[in-house]
Amino acid sequence: MATSVVLQKVEKRYGSLDVIHGIDLTIDPGEFVVFVGPSGCGKSTLLRMIAGLEEISGGGLLLDNERMNEVAPAKRGIAMVFQSYALYPHMSVYKNLAFGLETAGYKKAQIEPKVRRAAEILQIEKLLERKPKALSGGQRQRVAIGRAIVREPRIFLFDEPLSNLDAELRVQMRVEISRLHRNLGNTMIYVTHDQVEAMTMADKIVVLNSGRIEQVGAPLDLYNHPANRFVAGFIGSPKMNFLKAKIERVNDGDTTINVCGNSIRLPRRLKGSAGQEVTFGIRPEHLSVADGGIALATVDIDLVENLGGATMLYTKTPDGQHLTVALDGQQKVERGTNVTASFDPARCHVFDASGATI
Amino acid sequence: MATSVVLQKVEKRYGSLDVIHGIDLTIDPGEFVVFVGPSGCGKSTLLRMIAGLEEISGGGLLLDNERMNEVAPAKRGIAMVFQSYALYPHMSVYKNLAFGLETAGYKKAQIEPKVRRAAEILQIEKLLERKPKALSGGQRQRVAIGRAIVREPRIFLFDEPLSNLDAELRVQMRVEISRLHRNLGNTMIYVTHDQVEAMTMADKIVVLNSGRIEQVGAPLDLYNHPANRFVAGFIGSPKMNFLKAKIERVNDGDTTINVCGNSIRLPRRLKGSAGQEVTFGIRPEHLSVADGGIALATVDIDLVENLGGATMLYTKTPDGQHLTVALDGQQKVERGTNVTASFDPARCHVFDASGATI
Amino acid sequence: MNNAMRTMPAEAATVERYRGAVADSRFRRLWNANAPGYLFLLPWLLGFFGLTFGPALMSLYLSFTDFDMLRSPGWVGAANYVRIATADPKFASAMSVTLTYVMLAVPFKLAFALMVALALNRGIKGLPIYRAIFYLPSLLGASVAIAVLWRQLFAGDGLVNAALAQFGIQGPSWISHPNYSIYTLVALSVWQFGSPMIIFLAGLRQIPQDMYEAASLDGASKFRQFYKITLPLLTPVIFFNAVVQTIDAFKAFTPAFIISGGTGGPINSTLFYTLYLYQEAFGNFRMGYASALAWILVIIIAIFTAFSFLSSRYWVHYDD
Amino acid sequence: MTAIVTAPQPPSDVNKRSLPGSILVHALLIGGSLLMLYPLLWMVSASVRPENEIFTSTSIFPSSIDFSSYLRGWVGLDVSFGRFFWNSLVISVLTVVGNVIACSLAAFAFARLRFAGRNFWFAIMLGTLMIPYHVTLIPQYVLFLNLGWVNTILPLVVPKFLASDAFFIFLMVQFFRGIPRELDEAAMMDGCSAWRIYWKIMLPLSLPVLATAAIFSFIWTWDDFFGPLIYLNDMNTYTIQLGLRTFVDSTSASDWGGLFAMSTLSLVPVFFFFLFFQRLLIEGIATTGMKR
Amino acid sequence: QDTRLRLLWWGSQPRADRTNKVSELYKAKNPGTSITGEFLGWGDYWPRLATQVAGKNAPDVIQMDYRYIVEYAHRGALAPLDSYMPSKLNLGDFDKAQIEGGSVDGHLYGVSLGANSAATMLSKTAFEEAGIDLPTKATTWEEFGKMAAELTKAGKRKGMFGMADGSGGEPLFENYLRQRGKALYTADAKIGFGVEEASEWFDMWNKFRESGACVPPDIQALDKNDIETNTLTLGKSAAGFAHSNQFVAYQQMNKDKLTLANHMRVTKDSKGGHYRKPSMFFSVSAQSKVVDQAVDYVNFFVTNPDAALALGVERGIPESAAMREVVAAKLDAVGKVPLEYVSGLGDLAGKLPPPPPAGAGEGELTLRNISEQVGFGQLTAADGAKQLVDELTRILARG
């Protein structure tokens, strides 16, 4: 069942507007690939091109090493969850789910159990007789997922399939989709804005930005070793803090940089030279206000957000740069006071002026 | 500008199907209220009734103490972001944003800066001349938000306005909406499935379940003192762990319960009696595998999810119940090994058979 | 829920199935790209080439002959066209009558049809009956009853004059006065607004309700909703009605035929283009000439239509 | 599982009309209806009044009432009027079927499928709308004569199955374009061929326009007279309109009473056809349940 | 071997009933012949006939009108019947002139089925109400104009005028010309009158209009040249102009008692304006494969007494003297009026003019058109006359 997907310099233009600028990507058979990227970066477009719904303006698309650019969508063996759901408005939920199977020529008796099972997974058994119009947003989204998963395609494409579900359901659905992937073993491409989904489901995350690939890699790789500032900022929530810094000295085994007026020694050699302006990056969850670690700066607390399980401090450094600190649990810190933020130098990132990690 | 919203035994029936079962709720002028609840529980329906788009089957809706059941939507002074966007397909983004202002009789010259400002906030300045169909999902959603925020209505209704945005944008938008609320001071009702949004933005969270209110309260109240098992499970992500337990002894200042075969002393008096079957609740983030705290059980690790900033352990207790443990940072724990989960007794919750907190 | 998916059988043959789908030659690719379209078009193509194209071509040929229907046609070159252009005052007069009719009947009829469609698009009681009644005039088509009725309305002693008399106005016999008769035909056309009305109704039904929800929250009044939401979203249908009604008005025949008894009178004031064409063909046995007239009309309509299509880019909103 | 009955839609305009407003609307509609009904009333009245009053009297109230023209009209011709009704019905129903099927096929191709020459054929299709039928009449007659179809209903029916009515194609194209393409796309992902998309998605979602086409096809065919005049010679094959015409001859004694009596009767089937099919002018649902 | 004959005529059901009866009679005498008759109203008849002829699918026996016989004969659509006379087509006791009427270029193309004559239809009741005598055979246009004006003035009925505006009526105009020794068309397809006559004609009607003798132009324009829109039928005038064989139909549509009168004299001593006109012909299609049988049928139609009885005077007065007698004996009062009218024309009747030339149909519309222009005051009588002559000349030249 599993199918490889290869994009070769794939481009997409809408009229004179380039939205995908030549993407090269290889997805191995049975891989679970997650596309992430800012809104409007071209994720849906990419999925739609793979599905055959959007013409490929340039480059080639290979499925199992066969060129597919001109093959009709119906013949590619792909199932897709649309970002806009695109449920058949004139069919009941049951019919919506059964439609693909009917099309594939399954018998009524074969269809029924499959549909019921999918409905059970998606917790929409009670809604099977309704028309999409009479469903809530999340219920519609689940039907849209169901329509894809009742089938056994070569490739699944999911376009933000869980965005309108509540947290609990989202976790359950995530588990179910992972299970489905395990059982069917087919290739899955999944678009999401949810960090947790991306981190937990993906074999490989593809970070897109304005129609280009910024980095491809395993989830923790991207988290721990972002190739550039964009990826560093995009992976992980809350976002990584970026502070202006300057390299003071580069030694063999360590580098000293100046951040917020403090000279800080990093225990590794950076690809830079003394005097170079760089960006220092540190994730909010890697900052602490307790003792231990290296002091970064004493910061003024602008805003405290208490999330229950965590507390966010939005602060300003003495030189006026923003710094977010994520603390565990519910902390009694007051707005307007100041604290000293400290960090573990092994956990910080440094980027050069072009954004590349050094 | 600020307006109070009062729901008095509001009901909604679709034919013979009851979806809202008599809701009583008072929203003070200028309050920021967040509705949360599982998919299909009636959040959108409630918003639509307040907006006047859905007939109210029973009960009364008061805005500023005036009954509004029969007042036309256009006359209620409400702006709403639709879950389904409902952008005007024949108008450019600019026109979509300007429409409400034009309707209100603003001059072109007054409209232009307002629209530009909203577009800037929403980062869609470059898209102003496009038609909605040439936008990505997230871009559409931002236009939908923009259409509401350019105006200065008495009440804002947001129906999952950020669901299709990437994490970074979502944080920015969250901040912008809070700022808008601060500046305009009007009443806001906000539906979301995002825990962080709910916790950070709300003055008051309303937890809905199947067309009924489960609890109303400040974010941290709900987190710390859920009225019942449903709220406890719904607020906070990952979800609270629930384990079967039995009360062994109730004293004046403490209670002993038996969980997973361990007798555990809780430092408070529970409203229950010895021998009663109860449910013991503990949030994943309040469990640890390090020393310290009271040992709950030694659990087998089924699955490890490494989120970068946190690690989730999905485990089983000796008596086969599921237990999720959230750990900070990236932990080197192996699937198949076992660990001892411990907790702080001040942080646990106990519910009786009906689900009420005791 | 739980491991329900596990029991789903994997389909081993799938890979084979998709392999065949790959285009392997230029021809196949062409075929794949075009075949569905042409297959769907097949009935129409058959009809066009089998039934329409031949006769149309024939009539084009006949327009270069002196065909009188009874004898074989004789080639006369462009003589018919030359005559139309240079020596046929009736052509000019018929064209001007027709243009007047088009310019008046089409906009009024469309406006009226749209108004009624809007009125009938609400949730009021007895709607189906009203709709049927409002369609009735069109149901009667071009029957004798209509001819008589129009005389009763617009003759010297008709109802219209009786009404005018209330205001002290003594009207002429509108229907048979050369200065006014064309307007009574315009009135007839407007009165038979049923078919554009039904099409408008169908179009109104296709406008998504949530557009109105959004607009009403944006504070838009019913009127503003109409002209900011309804009208623009109805433009494909308005466009259709405008094009089709214009073509129809250019080809208008029956109203003039029944009202004037085929004469086009009084004084050619209702001599529509096609009525003239009909007189030439069947009254004066000049089918060749009539064919030339017909093709000139086709060209004129085609120009109008082409213009409409060009302009549609700027005002017609399609959702696809 | 128990089926959940979905409620009838709430009124589309949520704000209820005020009572005076609704009285006004009804008053206007009733007034308009009278204007529309007048010819019908006149016709009914003409069918029961003395013949020598039909053209002179301006009142719609007859001086005396006599229903004999109904009987006379029904059986007065060589062939009973019932036969004409049947013939008209057969032709009209076949036309409805033909038009709805054939035109929607072509319209689907024009609206949704991509193929070389699409715009060209579309222009040609529109072009066929422009030719006055009087001049193609004779070549077409000769064609059908050679096919041996004259004096049968084939010339009136077969072209409809070949989408000869460009009007309907164009109409359907306009409506098909209003159906979101994403639904087609979803169907493609579900493995649908173009045919299945047409049949399972496009047609069900186009009920209003299909109903419109059905209504028009039926009524126009029912009212058509020139086609039958040319192609149907034997009175046994006459349609109602031809039957009606045989009542009158402007140069000799005519049976006006019979004409109006049968005209009145001939409206009954169309009226009911209209009433039935206009129920399908339902709310378009193509965009519900979609994020747009 | 069975023979199939197809008949096509215009008319309504009463005519069809009579015709079908003749067919039955014929079939009884000629077993093995089947006859299908098709009929239509006048207006629908011509397009269908033209189409069928053009498609080479013409019926065998075609009813023809005096106006179109030349058009069809000239174009070879009709079979010449001379060779069948007298053995197969026995028109022995026909009026010679009437046989001539069916001849074009010296060949017989149509057998007249009956005769009629242009006539003035009068509402006896209206004249009596107004206390005005009916016109007589001696009445001149001038006198009749006065009578009509008086009737209008008497105003017994709202909106009723003395007479219709006949200025655009071709038979009436022709009658006027013939009384003045001219003709509408000559035998060689030229105009048979000059600007002068036409001018005086228009002048005369202008005067009638001024005096209120005839209806105003906008009322006259309601007339579509058929029975139900004639101003007499509409109750707008007490006199209208039509053909004698339509009397029954006119009476049927009118509450008043009607009567027939001749067209008025131009001067006291003018004569010969009327003529017995073949009201319709049977022609045989040149495309027919059974010309012999078709001719035989036509022969039976006009010479068989039973057939004549069945037909009556519905198509006009039979041309065969013998048949006339057979029919006359059986007529009722209303039916007798036209018969007596035509046979009693006396010196008012003259020779049958040659069949109208090709283009006559267009000519008729032209007369009507120009008379309307004069009527509505858009043209003076003189200009109208000039234009009429010009246009007719052009039409005839074009053919």
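In this document, chain identifiers A, B, C, D and E correspond to the written order of the chains, with residue numbering beginning at 1 in each.
By our rule, a contact is a pair of C-beta atoms (placed from the backbone, for glycine too) under 8 Å apart; a residue touches a chain by one contact, two chains touch by 3 or more.
Just so we're clear, the structure is a prediction, and the values are computed from it rather than from any experiment.
Colleague: Quick one: which chains contact subunit A and subunit D both?
Modeller: Chains that touch both subunit A and subunit D, as defined above, are B, C.
Colleague: State which chains count as neighbours of subunit B and simultaneously of subunit E.
Modeller: Shared contacts of subunit B and subunit E: C, D.
Colleague: Of all the other chains, whose mean CA position lies farthest from subunit B?
Modeller: The most remote chain is E.
Colleague: Name the chain whose C-alpha centroid is farthest from the C-alpha centroid of subunit A.
Modeller: Comparing chain centres, E lies farthest from subunit A.
Colleague: By the contact definition above, name the pair with the higher C-beta contact count: D-E or C-E.
Modeller: Contact tally favours D-E.
Colleague: For subunit B and subunit C, let me know how many angstrom lie between their CA-based centres, rounded off.
Modeller: From the centre of subunit B to the centre of subunit C is 55 Å.
Colleague: Approximately how many whole Å separate the CA-defined centres of subunit A and subunit B?
Modeller: The computed centroid separation for subunit A versus subunit B comes out at 22 Å.
Colleague: What is the distance in Å between the mean C-alpha positions of subunit C and subunit D?
Modeller: 14
Colleague: In whole angstrom, how far does the Cα centroid of subunit A sit from the Cα centroid of subunit C?
Modeller: 53
Colleague: For subunit A, what residues touch not just one other chain but two or more?
Modeller: As it turns out, subunit A has residues touching two or more other chains at 72, 83-84, 134-135.
Colleague: Which parts of subunit C, given as residue numbers and ranges, touch two or more other chains?
Modeller: Answer for subunit C, listing residues that touch two or more other chains: 33, 69, 157, 208, 210, 216, 261, 282, 287, 319.
Colleague: Could you say which residues in subunit D touch two or more other chains, in rising order?
Modeller: Subunit D, residues with two or more chain partners: 4, 6, 14-15, 54-55, 138, 180, 193, 248, 250, 286-288, 290-292.
Colleague: Give every touching pair of chains, nothing left out.
Modeller: Result for touching pairs of chains: A-B, A-C, A-D, B-C, B-D, C-D, C-E, D-E.
Colleague: Along subunit A, where are the residues that touch subunit C in the complex?
Modeller: Residues 1, 3, 63-64, 66-68, 70-72, 75-77, 114, 117, 120-121, 123, 149, 152, 154, 172, 176, 179-180, 183-185 of subunit A touch subunit C in their complex.
Colleague: Tell me, which parts of subunit C touch subunit D in their complex?
Modeller: 33-48, 50-52, 54-56, 58-59, 62, 69, 116, 119-120, 122-124, 128-146, 148-149, 152, 157-159, 191, 195, 198-199, 201-203, 205-210, 212, 216, 222, 236-237, 239-240, 243-244, 247, 250-251, 253, 261, 274, 277-278, 281-282, 287, 290-291, 294, 297-298, 301-302, 305, 318-320
Colleague: So in the complex, the part of subunit D that touches subunit E is made up of which residues?
Modeller: Per the stated touch rule, the residues are 51-56, 76-78, 137-138, 141-142, 145, 150, 226, 229-230, 233-235, 245-256.
Colleague: In the complex, go through subunit C and note every residue touching subunit B.
Modeller: 208, 210-211, 213-221, 224, 228-229, 232-233, 235, 317, 319
Colleague: For the complex, which residues does subunit A have touching subunit D?
Modeller: 48, 51-53, 72-74, 78-80, 82-90, 99-100, 103-104, 125-135, 140, 147-148, 151
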